[in-house]
Structure formats: C-alpha cells, structure tokens
Amino acid sequence: MIETVSRKRIEILVDTPLVPRLIKHARDVDISGWSLIHVDAGGGRDGAWQHDDVTGAAAKTIILMIASEAKAAALVDAIAPLLDSYRLLLTVGDVQVVRGERF
Amino acid sequence: MIVETLTSPVILFFVLGVFAALIKSDLAIPEAFAKAMSIYLMAAIGLKGGIEVAESGFTPDLAAAAVAGLGLSFLLPLLAFTLLTRIGKLGQIDAGAVAAHYGSVSVVTFVTAKEILTGQGLSPAGYMVAVLALMETPAIISGLLLARRGQPQRANAESSGLLHEVFANGSVVLLVGSFAIGLIAGKDGFEPVKPLFDTGFRGVLCLFLLDMGLIAARRLVQSKKLNARLVSLAIALPLINGTIGVAIGTFIGLDTASAAALGILAASASYIAVPAAMRMALPEADPGIYLSMSLGITFPFNIILGITLFSQLALMIG
Amino acid sequence: MIVETLTSPVILFFVLGVFAALIKSDLAIPEAFAKAMSIYLMAAIGLKGGIEVAESGFTPDLAAAAVAGLGLSFLLPLLAFTLLTRIGKLGQIDAGAVAAHYGSVSVVTFVTAKEILTGQGLSPAGYMVAVLALMETPAIISGLLLARRGQPQRANAESSGLLHEVFANGSVVLLVGSFAIGLIAGKDGFEPVKPLFDTGFRGVLCLFLLDMGLIAARRLVQSKKLNARLVSLAIALPLINGTIGVAIGTFIGLDTASAAALGILAASASYIAVPAAMRMALPEADPGIYLSMSLGITFPFNIILGITLFSQLALMIG
Amino acid sequence: MIETVSRKRIEILVDTPLVPRLIKHARDVDISGWSLIHVDAGGGRDGAWQHDDVTGAAAKTIILMIASEAKAAALVDAIAPLLDSYRLLLTVGDVQVVRGERF
Amino acid sequence: MIVETLTSPVILFFVLGVFAALIKSDLAIPEAFAKAMSIYLMAAIGLKGGIEVAESGFTPDLAAAAVAGLGLSFLLPLLAFTLLTRIGKLGQIDAGAVAAHYGSVSVVTFVTAKEILTGQGLSPAGYMVAVLALMETPAIISGLLLARRGQPQRANAESSGLLHEVFANGSVVLLVGSFAIGLIAGKDGFEPVKPLFDTGFRGVLCLFLLDMGLIAARRLVQSKKLNARLVSLAIALPLINGTIGVAIGTFIGLDTASAAALGILAASASYIAVPAAMRMALPEADPGIYLSMSLGITFPFNIILGITLFSQLALMIG
Amino acid sequence: MIETVSRKRIEILVDTPLVPRLIKHARDVDISGWSLIHVDAGGGRDGAWQHDDVTGAAAKTIILMIASEAKAAALVDAIAPLLDSYRLLLTVGDVQVVRGERF
C-alpha cells in the first residue's frame, strides 16, 4: 500500500455570509485550501430552519479543510473566540492522506 | 379598495402561500427559481423605471424624491432604535440591527405596491425605482453606528468591507444597472425585450408572492424569538414610518401615487440585503429577531394592509 | 389522429428526451427548473379550471364527475392489487404500494391530454381540474389499507401523519388553491396575469416533457426490478383503468371530452405524490418497483398511446 | 491549544422523505441538533440513481449529527431495526470539538 | 454600427455583468436558472432553424455551409495548435486542449450574433443552426490527436467513450433534436409554442448575457494562468479564424448574413462542451488555461467587437 | 449497544467530469456503493473558484465511499497515480458501521 500520512479534517458549519471571514482566518494560519458544501436545512437550540435563497441570511455552509495538526490547532485557537457570537459548529477529525506535504 | 386588493391574483397567491405554510403543507418553490424570479423582477422594474425617466427627463421632482429617500433611509433607524430599546427592550446591538432593517426597503413590497397602485390608476413615477435603490443601503450604516455607539473603533478593514457591501450589493447593482440600461436603450430599444420583461411581469409576481407567503409564514411559525412587544413594534414601525414617508412625499410635492410609493418604501423593511450585511458586520446580533420581525410580520402586514393604507392616506392628504 | 398527436411539438420533445436518455446523452434539465415548471403548470391549469368554472357555474355534471373521480381513486387500487398479487406475483406490501400509484393520477399526463384534446377541438370541462386534485390522494389510503390488511394496527401518530400528507400534499394545495384563485378572480381578474399563465403554457409543457422523457427513460434503463409480468401489468393497468374511466364518464353523462379526460386520469399513475407518501408510510415497499412501473412504463405509454386511445374510445361510445 | 473534547460524528444517508422520522428518533435520545446535506447521486446494490426534484421519492439526504458517545449509542440502538427496511447507511466517527458541553 | 450594437439591451446586460464582477459585487444568477436559460436558448434556436429550413427546403447552400463548417471545425485547431506552441509557448498537451476550444464554437456567441445581425436586417439562413451543431464537436477529435501525437496509443475504451461524448453531447442532441422538431412540426405546428420560444427570446438572452458577463469577468479576475502571450493569442485567434470563416462563407456563395455567421462561428471558442470533454480525455491539461482564454477573453471580445467586425467584413467582401 | 465494526470512510474531491472514471476504479476494487455530494466553491493553490453550471468543467464533487480496510487500500493504490494529473484530494478516515458485512 502506498504511503499515507495523518492529517486533520476540519469541518466548520457557519452562516454563509460569514464564510469569507473564516477563510481569511484559515489563510492567516497558512492552510492551503478549502471546500464549501451547502447545507440544506437543520435544527438546533433555536429550532429548525430551511435554506431559502431569497433571504440568504439564513443559509448555512460547511467549510471543509484538510490541514496538518499544527495548522489545525492554530486555526482552532484563532476562531475559538468567535464560536459563540458566530454560532459556529467546529469539529476536527483524523484522516489519512496521500502526498501529505501539500497540507 | 381593500376588497379589490384582496381579490387580485397577486395577493391571493401570497395568501395561498401563507395558508400552505400554516397547514404545514410540503409545497415548496425551488430556491433557485425563487432567486431567479427576484432577479427577473428587479431587472424588469429597473428597466421600466429607466425607460420612464428617459421619456420624462430628469425633473426637480426626481431630485427631491431622491434626497427624501436618502434622508429617510439614514434617519428612520434612529426612531426605530429608540422604540426598539425603550419599548422592545432589546439590547443595543440587536436594536441597531433591527433598526437598519426598518430604514432600508423591501423590493417585493415596492413591486407589489406598484402593481396594485397602477391597477387603480395611481401609477408612481418611473424615478421611484431609483429612489428604491438609493434607500436600500444607507440604513445599514445608521444601524451599525447605533449598534456600535460608545464602543471602541473597529479595524479599518472591516468598515471598508462594509462600504463595499453597501455600494456593490447585488440588488443595488442590478436595480441601478437595469435602470441605466433602460435610460440608454429608451422606449425603442426596449421594444424587442418587452415581451419578457413587461408581459410576463404580473404572472411572475404571482408565483414569487406564493413563495414569499410560504417563506414569511414558515419563518413566523418557526420563530422562537418573538414576544408581544416585538410583534407590536413590527406593526407599529411600518405604520409610523409609512405615515412619515407619505407626509414627506406630499410635502415635497410628489404626485399622489409617488407619495404613496415613498410611504410604502419607508414602511417596508428589508429582508435580503440588510440581513446579509448584519450577519457579516454584527454577527453578535440575533438573526432570529430581525428576520422574524421584518419578514415574518412587517412584510405580510404591508402586502395585505399597508399598501392600501398608505395609498389611501396619500389620496387623503394629497 | 395518432399521427397528428405524434407530430405535435409537445410529444416530439418528450420523444427527444427519451431518445437522449437511451443514447446515454449527458443532456440534463436542472432539477430546480424542472420543479419550477411543474409548479407553473399546476398553477396555470388550476387557474384556468377555476376561471372556466367561474364562467359556467357549478353544474350537476361537476358534482357527478367529482364523485366518480373520488370513487375511482378509492376503488381502482383494489383491482390493481388483485392483479399485482395474482399475475404480478408481488408480495402484499409491494402490491399495495403499486396499487396506490395506479389509483392516483399523473398531473402531467392530464395536462398533456388537455393540450392534445383541445388541439382537436375536444376541450374537457374546467371542473376536470378539480377532479384531478380530488383523485390525487384517496388512493394512498386504499393502497395502505391493502398493504397493511391483517396486520396489527399502527400507532395513531403515524396514521394522522398520513392523513396530513393526504390533505396538505403540496400539489393538492397548489391545484386546489389556484383553482380557488381562478374562481375568485374570474376572467377579468385573470387578464393581467394571462400572458404568463396562458400564452407561455404550451412552450413550457414542451420543455417539461423533454425532461420527463429523460427521467422516465433513465428510470427504465437503470431499473433492475422489472420483469415481463410487471411490464405487462404496467401496460394492462392503464388500459383497464382507462376503459373503466371512459365508460363511467360517459355513463354519468359527461361530455365526450370530459369523459375522455376522466378515462385518462383513471389510466394515469402517480409518480410524485404517491411515491413520497409510500416511502414514508410503507418504507418496506421497494421504490424500484413502483417508480419503474408508473414512471418508466405507464407514463410514456399514456403520453404516446393512451391519450389517443381513450379519446377515440370516448368518441366511439360517447 | 484550546481544550477540546471527543464527540461522535454520526452520518446517516437516507431517502429524503424519511428524514423527519429519523430526526424524531434523534430528538428522542436528546441529540441537540442536526444538519442536512443534499446527495446528488449515488450507486449501490440497486444500481445507480440521480436525484431529480420532480419525483422527489428517489432523493437522498445525509443527516449529520454531532453527539456525545452515549447519545450516539442510544441513537444507533434506536434506529438499528430500521436499517434494512429504510435502506439506511449509518456511520459513526470520532471528532474533537470545542465547548463540547453543547452536544 | 458598433454604437448601435453597444446600446442594445442585450449587450448592455452583458456589460452590466462584467461591471458587477469587476467591482466584486455579490450579484449572482442561480446556476440552475442559468443552465435553464441556456437550454431554453438552444431549444429555441434549434426550433427556429428547423422551421426556416422546413420553409426554404434543403438547398445546395445548406450542403455547402455544412461541409465548410465541418471542415473548419476539424482544421482550425491545426493552425491554433501551431500558434499556441510557437508563440504561446504552451506544451503539446495544453496546446492541443486549447486548440480544440478554438475549433469548436460558442452557442451564445452565435445566438447573440443572430440577434444583432437580424436587428440590422442581416438575417442568417435557418440552416446555420445545423452548421452550429455540426461544428461543436469535430474539433475535440483534432485537438486530442494533436495533444497525443507521437504518444503510445490509448486504450480503445477511452476513445470509444470520447466518440460517444462527441455525438451524444447534450447540447448537440438538444440543438439537432429541436432542429428536427422544427422541421417536422413546421410553421403551423410551431404556432402554439411560439409565444414562449419566440416572444420571450430576447429578454431571456439579456438575462443570460448578464450571467455570462459575470462568469467571464470573474474567470478573468481569478485566473492565475494568463500571460501576455496567451492574452494576445486569445484575441488573435478569433480574428484569424473569423476572417477565414467569412472568406470561406463568401467563397462558397453563402448570402452575406450567413457568411458573417460562419465567420462568427469560426471566431468563437467553446466553453461548455469542449472543456468538459478535455477534462475527461486530457486530464493532464490545465483547465485554468483553456477556460481563461476561451471564456475570459475570446468570448467577451467576440460579443463586444467580433460580431460587428465580422459582419462588416462580410458586407465588404460579400 | 448493538455491535458495530470498523470501516474506512473515503472522501475524494474531484472535478465533476472525472467522476465516472473514479467510480469505475471503485467498482474494479469491488466497492459496493458510493454517494456524490456537490461542492459549491473552494480555493487552493490555483486560487478560488465557484461552481457555475454553465461551464460545468469547473464543477467539483465529493465522492463518498464506505469500504473495508482492504478495499480502501486497493482503491488508494489504484488511484494514487492519478492524484496529480487529476488534481484529486483524497482522504481516508475511520468510522464504525452497523451490519458491516455490506461493505
């Protein structure tokens, strides 16, 4: 089997208008890339919501980033203060990647 | 007149949407289609406004209405902020955010009003579309100043980002751009594209209001942030702002229909441009409050009652 | 007449869709647009039906057709269930689920039939739209009773959820709601929205049938659940149900065009409302079977042959 | 680095019409929130499918939930009997979250 | 004439889109709606072309234009490839991929040109739609042969997949299919669907070009792959190819408008069918290069200048 | 708690036109199913991009596959040579599944 290395898989669920802010934070800690996944609907402490494109303010997006442990930790530290006011959902998991030097 | 309004297909489709949401029907308009309709409606009213101004020329009325609109958008948030903190018991940040919504405008409310007024022989001047565009974003600045008053200055980067949001906002660009295209192309240039933008207009408005009825009522039903005070303010604010708007419009000498339109603009609250800007600039403010008030209460109130009220008021004092 | 039908653009676009799917072209209509077109088509036929009834008034015919439609939707699943278990060799649950589809109706088949019949001077009465709405959901109840017969009673929560699904189903609400709007607004109220809902209708139907051709043929190609017995039944059931429908329509005294329309409604099988309801209420039933039969075979059969057959039958026995 | 705690990341792939049922189960075991992600297409034992909005019955959705180990286990137990008849795909992974008391 | 072109709403909406992208406005047309508009436009021009040919019959002109179109699509990539490797300094694979784009055509450029030419009394023959469809895919084969020249033969599976892509490509199927439907249905059959496909056409083109302006300018702004050489070639190639196209069209005896249209087809570069095919068949080629050149530079160049240039040229040498 | 087994969760981010190729590779190593998730936008070494349906060539998709460790390894080996020319992003994580014999 080809050689793989461990990296962090970071998932941030955030209101779509705030995405550029978080990407700026990711760039500041030198994370190399990100991908955005649309969230259709959800529910939490504030009840349920559905996405509607007309009033985009209620839309939510998942930002997916693969990064080294160090960069992931730096990112988590950078955005931890925003978790409450921005109502973020942040998870970090472990994954194996090939050619990990990219991340 | 209220009966006439309530039996026009445009309003009936809105009511159907509200009804479907209240009985929890799974009726849904695809988002992309709803967004497309809103783009179509903005392009169409922009074009038509521009063509009308190309016909009538730039008049002093136009300038007066523009100044009045700008002033209202900047100043109405002050009044709203006071009521929201005193009576609504909101904190500074939430009150500032909500106030911005009530200073800004709802394009759909304007379009619906234009249709209903025109159906009654009260056609607002073409330049009111430009006034609509002008009123969309200044309230964002007022609302933010109110929300941040007394707090340490923010980084420059952020406020320049905000200015950009204010001027490069998608609906402002589309409205102003289509208005300019209408101005340049004029009545003759418009002829070839008229079938789409003119003939189909009311039908699209029906389907769009069906969707807005669904969205507004669902928002109201799912909301956990409204209390009696906020609900009352979401009705009082359009009444107050609309009356001020009609009065100013009449005072500066606009024709009755345009004064009514200015009143309706003042009465309407934004639920597209401003929420997005607030989510960015004031992430601490609770979107549950401002969206439920502007979209869940004020919007349906204006569609069903406000438009008729303010046009009657304009007829009375005009 | 079959040649006339087959060379109308509406049917040719359907054939183009089928062809594109069979040669595995990557031609695709965006889902949101297809959904939007189906909403448009339902709103348009609802409105038109309501306006026609506003003109003609409530007649005994209307009541007779409504009762006949309700009866057919409730009872046709019984026959289908028997054939599906005996000849089709399906188990009780799958047979009940499929039977529900054949008792219910396909809106697009009806709309296409209305276009083709009207093109031949055979215009079904406006109230047939109401009959269409009435026939959409009763079959869901029959199908479920058949599928669950002899099994322990389900929790109440679930069956109340189902009743809700039956009455608050999106397409029922939209059809009935637009019908009511047409009734209230009448011919004059309809005038301003007519350009969108009337003039554009056939063109939209072309593009929608292009998509339905793609979807139906892809479903057929990808299906792994069909066998010769099921394919035969997916053709036999519309033939039987359609003949019963035309006969009953003629018997209760409907005009030829409306009797033909009742036959086509009986012959058509649902592939929107019922599959969703079955997935919820009978998750054990295999969607591969019911979707492939109703959408992959019965729908194209009706569009290409059934509509012509049942209108000929109505002309013969009418 | 800010303190994180371990939580479970539950992913359920399910036919869209069944989503409300599963969310009811999640609520019953006191899971605090969920997010829905649209699935465009897929393939499995029954061959390939694409989403089409017209006949929504074939649409599939991923329900994403972050929950404590105990709640995740309770949810898995609750929906295990449905796995076959509902044709669910259920996976549970480990993630780190900040302010884990929410979940 | 350039002024006339630049003040038509169709072009002004394109300019508005470019402007909005340059000021980084968040204006966005939902993708599904944009895709839907492109399907509508292709169906509409296919239909209209077919009807015109049904009227005029198959003429020798048609055959000559078809042969010329096929030849251009096959051969123009050779010239492009030489310039791209010599002057553009691209490697073999990237040069082959870009060359395929310039041999193929842009449907939107053709549609816009048809509108503008027709507005000036220069209506291209109906069969040019068939030529458009014929020119879409042959260049894919030439481009691949150029890119893979001298390399070991690929697996058969892959090249059969490619042939399929060439013939079953969605836009080819839709164009040819609608053309055939127009041929079969003829002018009378078209009548009922005319309101949608004819009347709405220009308005839809406006909104679509608004989106294309946004997409093209965003692509240009975000591109990191362009240098002065590639930018120059993205302007030189349409100039050269377009001149060749007009000359050949005139030489084989097409009417002025059709010769201009052939020139515009030759000048235009694909940004839909070919990029998808290249991503599949030449994954090593850099999409940043071919999309930025064809969509970011050549497309706007043709819309704003090329169309006028080649129609003037056709008038001069015609 | 019901019995679960460990499986691999493979996520491949890829240009949409290349999806059929990768699914063919997955079938070759006998992976039983896959699901496609649409990616809206992203950014990497080549700058940012947004999805637009008009020129579908820039669209990206996530292919999600659950598979046994052995099959996952076989897949990674099979597509490793393509990582560069196809510009793939490939991650493999651990998840628990119920009735794992399916995968």
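Think of it as A, B, C, D, E and F in the order they're written, each chain with its own count starting at 1.
As a convention for this text, a contact is a pair of C-beta atoms (placed from the backbone, for glycine too) under 8 Å apart; a residue touches a chain by one contact, two chains touch by 3 or more.
Keep in mind that this is a model prediction, so the values were computed, not measured.
Q: Applying the touch definition from the top, give me the chains sitting in contact with each of chain A and chain B.
A: none
Q: Between chain pairs B-C and A-D, which one is joined by a greater number of C-beta pairs in contact?
A: B-C
Q: Are the two sides of the chain C and chain E contact the same residues or different ones, given that same means over half of the numbers occur on both copies?
A: different
Q: What whole-number Å value describes the gap between the mean CA coordinates of chain C and chain D?
A: Here the centre of chain D sits 34 Å away from the centre of chain C.
Q: At what distance in angstrom does the C-alpha mean of chain E lie from that of chain A?
A: 39
Q: Rounded to a whole Å, what is the gap between the Cα centroids of chain A and chain C?
A: Computed from C-alpha means, the inter-chain centre distance equals 45 Å.
Q: Using the touch rule from the top of the page, what residues of chain E touch 2 or more other chains?
A: 30-33, 35-36, 199-200, 276
Q: Which parts of chain D, given as residue numbers and ranges, touch two or more other chains?
A: 37-38, 53, 93-94
Q: Given which chains touch which, is the overall layout a line, a ring, a star, complete, or other?
A: Basically it's none of the tidy shapes, so other.
Q: Could you please write down every pair of chains that are in touch?
A: All touching pairs, sorted by chain label, are A-B, A-D, A-F, B-C, B-E, C-D, C-E, D-F, E-F.
Q: Show which residues of chain D lie in contact with chain C when the two form their complex.
A: 15, 17-18, 21, 46-58, 82, 85-86
Q: Which positions of chain A touch chain D when the two form their complex?
A: 11, 13, 37-45, 60, 62, 73, 76-77, 80, 83-84, 89-94
Q: Looking at the complex, which residues from chain A come into contact with chain F?
A: Interface residues on the chain A side: 1-2, 4, 7, 9, 23, 32-38, 61, 66, 93-99.
Q: Which of the residues in chain C end up touching chain B in this complex?
A: Going by the criterion above, the answer is residues 30-33, 35-36, 39-40, 43, 47, 164-165, 167-171, 173-174, 177-178, 180-181, 184-185, 189-190, 192-197, 199-200, 276.
Q: Applying the document's contact rule, which stretches of chain B touch chain A when the two form their complex?
A: 31-32, 34-35, 38, 211-212, 215, 218, 222-225, 271-272, 275-280, 283-284, 287-288, 291, 295
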